[in-house]
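Shared chain: subunit A. Partners: subunit B in the first complex, subunit C in the second.
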Partner chain A sequence: MISIKQARMFFLLLLALLLTSSTCYARTISPVEGLEALRRGFTGISDFTADITQEKKLSLMKRTMVMSGSLRFKKPDLFFMEIKPPFNSRMLLRDNIIEQAAGNDKAPVRIALPPEQGLKQWFLKLASPITSLPEGVAVQADLTNTVYTVTIAPAGKGQVKDIAIVFLGDGTIRRLVINERNGDRATMTLKKVRRNVGLTEKNFRLE
Partner chain B sequence: MPLTIFSTLTSWFNSLTRRHLEWIFRVTTTRPRAVLISFLLALLLSVSVIFTTPFDADIFQLFPARQPALRLLLDSLQWSGSANEAYFLLEGEREDLPREAERFAERLRTAQVDGQPAFRRITWRVFDENEAAAFNDFIAYAVTRPQLFIAPEDVPLLVQRFAPGSVDESLRRLQADLAGQFGGAMTGMASADPLYIRDLILPRLKAGSQALDLDPDSPYFLSRDGKVLIMIAEPARPVQDMVFARNLVTTINQARLGSTVAISCAGAHISAVLDEAAMKSNILACILSSLAVVLAIFYAVYRRILPTLLLPLIIVVGVALALGVAGLLLPSIHIISFAFMALIVGLGTDYSIHLYDRFHTERVAGKNSDDALHLAVVDTGHSLFTAATTTSMPFFALMISDVRALSELGLLVGLGVVFSLYTTFFFLPPLLVYMERRFPADYRPIPGLGMHFVWRFAGRFPRAVVAVSILAIIILAAASSRTFFDGDLKNLQPRHSEAFMAQEKIERHLSLAPKQLMVAIEGKELADVLQRAARLDGVARSLQGHGSISSWSSLGQVINSRSRQMEVSRAIYDGAGGHLSVGGLNAALDRQGFEPEPFRPFIDAVQTNAMMTPVPDEEAITRLKASPLRGLVDRHLVKDERGYHALLYLYYKDTGFDQAAFLRELKGIDPTARVTGVDMISSELAASVRKGFLWSFTIGGLLVLFLLLAHFKSPGGIFYTMSPVIAGSLAMLGIMALFGMGLNFMNAMVLVTIVGMGSDYGLHISHRISSGDPQGRESRFVQAGRAVIMSALTTIAGFGSLAFADFPALASIGWATNFGVGFTALFALVTLPAAMILLMRRSG
Partner chain C sequence: MSLYRLLKNLLPLLLLTACATVPAPPLDYRPGAVLDTLSSAVSLSIRAADSSMSGSGYLLFRRPDQIHLVVLSPFGTTMMEAFALGDRITLVYPARSTAYVGNFDELPERGGLQGWRLMRWVMDADASGENPLNGPVQRMSKLGFSEKVTFENGLVIAKESSAGDQVYYRNYSVVNGVPVAAELDLRNDRGDRIRILLDEPEVNTPLEDAVFTPNLDGLTVVPLSAIQGL
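Entry: the complex of A and B
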């Protein structure tokens, strides 16, 4: 079961994920420049696939959960992620509707987000260049050799403390890290990113 | 002996009337200034009373609130606060609506009236994410009190959740859920309910909290077709504050300026302001247009400026005096009752027409001014006196109706008729005297308006005229058997009112079923009320099981009554072999790599065995009220100074639900239960109107009969007077049935009205034909007939102009009057003279 808050968080991450799979060039950048570079790089992508490994350090669990899987994206509003056993789950997002089937669940859990938080709307917002920091977030960016790290911290006292996106200068995403205020931390590493592979609707089904 | 007494009584009454009219003639011709000053004083008093009289615009106040179904509806509106809420309907494309709703909501949120926020709250989302923590708290409570929230038939599933294999399965699912999230945001919910017991609870809560048919995929109050989004707002002040309501509507209009989607609103404030304005403009348009037509008719026929100009004065004074007296007798007057002014325009003019017509005719015939005026005031005045009394009495009789719409209108029209008559009696003679002195003119014959032809035609073919009339009456009487009563209150509301149309859209796009019934179980003790309500839940469950109703909702649908809790606890005890064991859960948590500490509250709660004892009702209600699901309690349970009211809603289609059988069963289960629904309110009101109408008809009819007997002193006179009315009424009902128009709460009174007004036509015609020498019959008929046709035309211009009102309630009165007056005048002018000629010839 997912809450709206989780879903919103999910979108921030997804956005970061999608943007960082684009091409960037190395130089010292301000937060605005970093975000704009991510946005610009994404314009040349119509779809992509990647294998993922995720590590989760949760207060509920004794040990760090390590899982692997894959994800797919197709513009403008389709996203699919599959986690392999032992934590098998599948999640499909069509714009603002999330469907998630965990374990052997036959009926997926369905949650509708406000349409303005749907995938389409996010990308519409990114149609024009970023010239100032978006409201409600603080952004930090640094560049070490060819590796960028952009950290986005939502304002307020929400559960998420910050999200860090680590990517190479050639646009290859390395990692996404979420730090939560209760100490929980999730790290997703992407591998084998393939862009513009011609995904169709058939690749975005839960069954 | 009784006949002698009756004869003495009628003679005394006639003599009294004649002496009264002689006095009026004397005083108006000899002391006109005193008369005018007296009227002026009365007028000033009336105006001062009018300015201190409160006026209502609430449509519900027109109907008897003591009727059970309407009473419960009004109570429920009060309880839920719906009576004070404003509803906004946004119509457009699915993708545009949320964006525009956000903008509009923000404008409403910042809107101010008199420097204060205009609204207390604005709701348009199903779920507010700020309440996620409160929701988690509620789930933590609910899953450890399954006896309160789980259906007895789901107990095996609950017990199964604690079985060793299932616990591992649930925890694996939990791991997958945690893994499937990008973050760890669901940890709160996971530790509160690691076994997914909420899967057995949430569907029930969702079903119970649904009051509108909404798109389950939308987080907004959006219709399934995605075309309509509803927003609910609570204005800062009650609807009774009309100044605030008017400013609020201005603020709302500003807030919706520039929106790319259509925004309409409904609710008490909006109705009060917009409907009041619509009603006022409707009535004003009717009054002004009918006045213009009436004056034009009068001037076209008589060509005299001063008497024509006197008509509006007579009407204004008659109306003002009527309102002034009504203001003294009634605590308040409903705005819709102002429609009576249009009726007075039609009715009040009749007396001037008859009086002036007689005066003019006698002057043309060579009588001097005094004699002509004496004949007009005393002789025609006697008919007018009887006519006004026969018109006003049935209206006054309407006052016994407990439907305010009828009783108030009855009083106002009755008073209006009486005061119009007296204003005519006191104003017209002095004016005519003044006119004769200052503007002496030749009196030319007045156009006969075809009455010469009618008289000759009726005299030449009396049998054919009577036969055709009888045939027409038979056909229309047969058609009248198809008359139906339209009890739907919606059909009386203004069709083009924004509030009405918005309400229609809500019903079309968002209602769960076409019809709804609400049952209230009431009492002082919560436990007793819920226990009794639980018995009703069983009936509703059974009705839904049989497909008689589409769905139902009650508090008992989501929280179990005490007996049901015990049933669940027993089933848990039996199913789990004593109590639910958490030993398996502890081991499984360890086995699956979970930290035990975050799950401790859940484990402790299960270990205390709290699910084996019933949860007190108060605790359950308090918990629900503290959660985001508080609306569920607000909708189904109300506490006020009279105690608790548990509400159950049944949703059903037009067919398949036997309401009478349900009500019988309900009476057997709980004789004190109250029920309401649109059908019930309509049928109660219909019965009330029918009762009031029958009594008014009977009392009014008897009074008219007595007055006619007193006037004519013979059954023949009564027959001549009443036959056009009876024929006209049957024809009215027949033609309405043929045009698909039904009787309703408002136009039913036209039947009573026709008895009073219509009898005047026959009275004047038969009075003039039968009195005097046979040679002068034609000229007398022409004079009376012209006045009758003028009266009918002015009445149609007054009453009938209502037919074009946007308010169906008023329009239905207009159409019924047009038909009724039209046919009665036709039978009085054509059939009656033919029948009288036939009978007079037969009697030699």
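Entry: the complex of A and C
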């Protein structure tokens, strides 16, 4: 039988354990360090797949829209995202060409971005280490245990107020949060992330 | 008879029964129930000869003529918002920091935008009253033009305007006593097509004025006639 003294000791030990295990070693790191951690982590990834949950909080509405689906990425310029019903849609980004199909649409909508906004260009920029902050953005970064959070705020009064990227040191992205200037917030949470699975061109088709 | 033999004999019968076409029973809705407000997540597809857009979003409607539609990008950011009140329409494109404001009749002929003109007409689809109608009815629309409305068990399943615009209503369900079509399919004589699928619509819940009022702070406001396309 456990005495009151033993029970008290057990409780204190449990409390100490919980407190120790839940302690967050959060520290602010320099913006350049945060961006470089993101860049460095991504250099070891040639492709990845993930399940996603997307939440959209409209500032004017009490309700939050929740969508789920999956995404695939392959360096340097292929990105595919699929949202399940009832919002079923598929999107393929091949460098600077977006193809999107909603519902059961057979013929996708096609949008061409300016070439300088293509995926290839972005990855070219990430080829060399980041030693200074890019112009036109404010960056904050912190490291909590092994999880980095880098928040990028574009200058000016554009649509996006800031983007927060939550990731691990090996480049695995956990979450993407986009705050818009109108008060809306879009959060994409990635789960079951599988890195370097050998995706091919066949994995990036809309049909 | 063993369970196995029983199942063996019954299974084909069960399968045949399951394959038989059973007409959907008429919806049990409140006679005279009308749609005063609607708020719903939507999946949207807009197609025109020279412009297209698709995505998910949100639709808000308040009788008689207030509409707010939000279209989201694949990453969940707001791609476009449309606000309609009476004859006025405001199209907000946050990525361009631009709002286009004007009357419906200022919408350009091309670019897939004429469909917006018909949204008020689309939303006007009340079921027939105590005596459910069936078949086509020619009548004057609330917007002042002639329309042919096709009813089925009292529900509007299609409308055609005198100008040749068509809208089809499918997949009805009853929400808060009111029949609501989960699919709206609008086609005009130019070949433009707007398809809206509603998800978990909320009907006749109070909506604040603010949700129908565009926030133009920080946006460049230009006439509707300046818009190039979707």
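By definition in this document, the second predicted complex is superposed on the first by the 170 of 207 C-alpha atoms of A that agree within 3 Å, B and C clash if a C-alpha of one lies under 4 Å from a C-alpha of the other, contacts with A are read in each partner's own complex, and residues count from 1 in each chain.
To be clear about the criterion, a contact is a pair of C-beta atoms (placed from the backbone, for glycine too) under 8 Å apart; a residue touches a chain by one contact, two chains touch by 3 or more.
All values reported here derive from a predicted model rather than from experimental measurement.
Undergrad: For A:58 in the superposed arrangement: first (subunit B), second (subunit C), both or neither?
TA: both
Undergrad: Given the superposition on chain A, which partner contacts more residues in subunit A: subunit B or subunit C?
TA: B
Undergrad: Quick one: classify A:181 as touching subunit B (first), subunit C (second), both or neither.
TA: After superposition on chain A, A:181 lies in contact with subunit C alone.
Undergrad: With both complexes superposed on chain A, which partner does A:50 reach: first (subunit B), second (subunit C), both or neither?
TA: Touch status of A:50: no partner.
Undergrad: Go through the superposed model and pick first if A:97 touches only subunit B, second if only subunit C, both, or neither.
TA: After superposition on chain A, A:97 lies in contact with subunit B alone.
Undergrad: Using the superposition on chain A described above, determine whether A:67 touches subunit B (first), subunit C (second), both, or neither.
TA: both
Undergrad: Looking at A:141 after the superposition, I want to know if it touches subunit B, subunit C, both of them or none. Which is it: first, second, both, neither?
TA: In the superposition, A:141 contacts neither subunit B nor subunit C.
Undergrad: Check subunit A for residues that touch subunit B in one structure and subunit C in the other, and list them.
TA: 54, 56, 58, 60-61, 63, 65, 67, 81, 83, 86-89, 91, 100, 102-103, 105, 110, 159-160, 176, 178, 180, 182, 184, 186, 188
Undergrad: Enumerate the contact residues on subunit C facing subunit A in the complex.
TA: The touching residues are 39, 41, 43-45, 47, 52-56, 58, 68, 70, 72, 74-78, 94-95, 97, 195, 197, 199, 210-211, 215, 218.
Undergrad: For the complex, which residues does subunit A have touching subunit B?
TA: Residue positions touching the partner: 1-6, 8-10, 13-14, 54, 56, 58-63, 65, 67, 81, 83, 86-89, 91, 97, 100, 102-103, 105, 110, 112-116, 159-160, 176, 178, 180, 182, 184, 186, 188.
Undergrad: Of all residues in subunit B, which touch subunit A in the complex?
TA: These residues of subunit B touch subunit A: 94-95, 98-99, 102, 125, 127, 129, 132, 135, 169, 172-173, 175-187, 189-191, 198, 216-220, 593-595, 598-599.
Undergrad: If we count contacts the way the header does, which residues on subunit A are in touch with subunit C in the complex?
TA: Of all residues in subunit A, those touching subunit C are 54-56, 58, 60-61, 63, 65, 67, 81, 83, 86-89, 91, 100-103, 105, 109-110, 157-160, 176, 178, 180-182, 184, 186-188.
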